[in-house]
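Starting off with a structure, shown below.
Read from first to last, the chains carry the letters A, B, C and D; within each, the first residue is number 1.
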Amino acid sequence: MFRASEMLSTHPRQPQMDAAALARCIEECFACAQTCTSCADACLGEPSVQELVRCIRLNEDCKTACLATGEMLSRHTEAEWTVLRAQLEACRQACAACGAECEKHAGHMEHCRVCADACRSCERACQELLSAVAA
Amino acid sequence: MFRASEMLSTHPRQPQMDAAALARCIEECFACAQTCTSCADACLGEPSVQELVRCIRLNEDCKTACLATGEMLSRHTEAEWTVLRAQLEACRQACAACGAECEKHAGHMEHCRVCADACRSCERACQELLSAVAA
Amino acid sequence: MFRASEMLSTHPRQPQMDAAALARCIEECFACAQTCTSCADACLGEPSVQELVRCIRLNEDCKTACLATGEMLSRHTEAEWTVLRAQLEACRQACAACGAECEKHAGHMEHCRVCADACRSCERACQELLSAVAA
Amino acid sequence: MFRASEMLSTHPRQPQMDAAALARCIEECFACAQTCTSCADACLGEPSVQELVRCIRLNEDCKTACLATGEMLSRHTEAEWTVLRAQLEACRQACAACGAECEKHAGHMEHCRVCADACRSCERACQELLSAVAA
């Protein structure tokens, strides 16, 4: 349902990097933001919510960082890569922290298992894009 | 890449509605937000930006409304449907306005054609969900 | 610290409405979004988090609706008031629901008392702007 | 109208840092996000929009980074400072880039002058908080 690749190929200015890697990172960011929003809410609905406070917090921060990053990467007119690299790095860190926390609960809560997958997948996409646009 | 359905099926509380329609609307909202962000930026990169001012404005509002709606629908613990219906209605209106504007430029700008599709598709998903959760 | 009034008075296009009412509503939306984010987090940090699940949920939705509304109202080039009215109505509903819930806890949790004030104040500002821009 | 200090002082968990510096940075982030949203829109409404493309782009990225940062700093239950520091750094960079661009137009466009002030003020608040929470 995502149209990030189509939008990149119809953009009047071509990206100065691998368009496929860029599109993949954009989509991972939006998908991970959705998954983390849902995982925070699922944790909140658990009888054991008291033990999931840290997970909810990291879900929320990961959602926030992923949305910001996905949105900033969706623009490439006059991109300022000093800023984008710093935002990608923040997103990579947020995904790593949330992924590690969700993995602790993955054995007994399926939503955390799915969310850990989303976080690790987005973390890798950020890392790959960071490597591709190294200063 | 979206995991909205998986997240709904692993949530400790089951939605009080058709989970497939809900998941579809969530995914349309996030995908449309991404597409509108990209279309606003593509319009900004066009030599004819001066004539695309209204399109950029509606793209931005549609993006904002879609993100808010996709995020709110991703939570269903203690959902307050009076609020969600009003937000869905705002999103439906934003998609309709942006879709109509992008359609005017669809003949000569491919990014507006793709974006009009995203807006109309999201508009329909909002309408379907609104019908399903009518008070 | 807000500069909404200054920004409105230096905008190349003048708003078609009372600029003071518009600036006030914009600032209430951003301030309420901040307060609700903080209240959700404070509830999450309480030993009684289990009993605050509904409050956290409504805080999150109110934050989301307020941010979207504050952002959309901050733009007035080519404003489409059908869309803005619907978004204002969603924000008013979200503030009313969150305000009512926070008021239940205001007697024993100061952060809910402060947050209820923010929600009611934003609800009024949305109502006043809606009256001013009635179709 | 902001209540960030009140919310910090009524939070069940006390921040592990100077609460006044934290509250100031939170408020600067939200205020700068509002100002940048408005400046992007004002630039879009200018007859010379063609020459303001880079300014609009940097306004949008600064808005996005500021909102994400203001929101993440508004939570301090189970704060993960590795993530928060990276996000603060991204925000500092976004403010610096947008402030520098707006300063170029400040002489002939008042909204850019006001926005440059907001960006520089937020950049300083981020820098101060970063110094306070150095690893």
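Assume contacts are C-beta pairs under 8 Å (C-beta built on N, C-alpha and C of every residue); 3 or more make two chains touch, one makes a residue touch a chain.
Values in this document were obtained by computation on a predicted structure and should not be read as measured data.
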Exercise. Which one, B-C, B-D or A-C, has the same contacts as A-D for more than half of its contact pairs?
Worked result: B-C
Exercise. Taking all residue numbers at the subunit A to subunit C contact, is the shared part over half or under half, that is, same or different?
Worked result: same
Seminar exercise, completed: Chain-centre distance (mean CA atoms) for subunit A and subunit C, in whole Å, is 27
For this session: Please report how many Å separate the Cα centroid of subunit C from that of subunit D, as a whole number.
Result: 19
Seminar exercise, completed: Note: subunit D residues in touch with at least two other chains are 41, 44-45, 53, 57, 67, 71, 75, 77-78
For this session: Have a look at which chains touch which and call the overall pattern line, ring, star, complete or other.
Result: complete
Seminar exercise, completed: subunit B contacts subunit C in the complex at 53-54, 57-58, 60-61, 64-65, 67-68, 71-72, 75, 77-80, 82-84, 86-87, 89-90, 93-94, 97
Problem set entry | Residues on subunit B engaged by subunit A in the complex (per definition of touch) | 1-4, 6-8, 10-13, 26-28, 30-31, 33-35, 37-42, 44-47, 63, 67, 70-71, 74-78, 109-111, 113-115, 117-118, 121
Seminar exercise, completed: Listed in rising order, subunit C residues that touch subunit A in their complex are 41, 44-45, 49-50, 53, 56-57
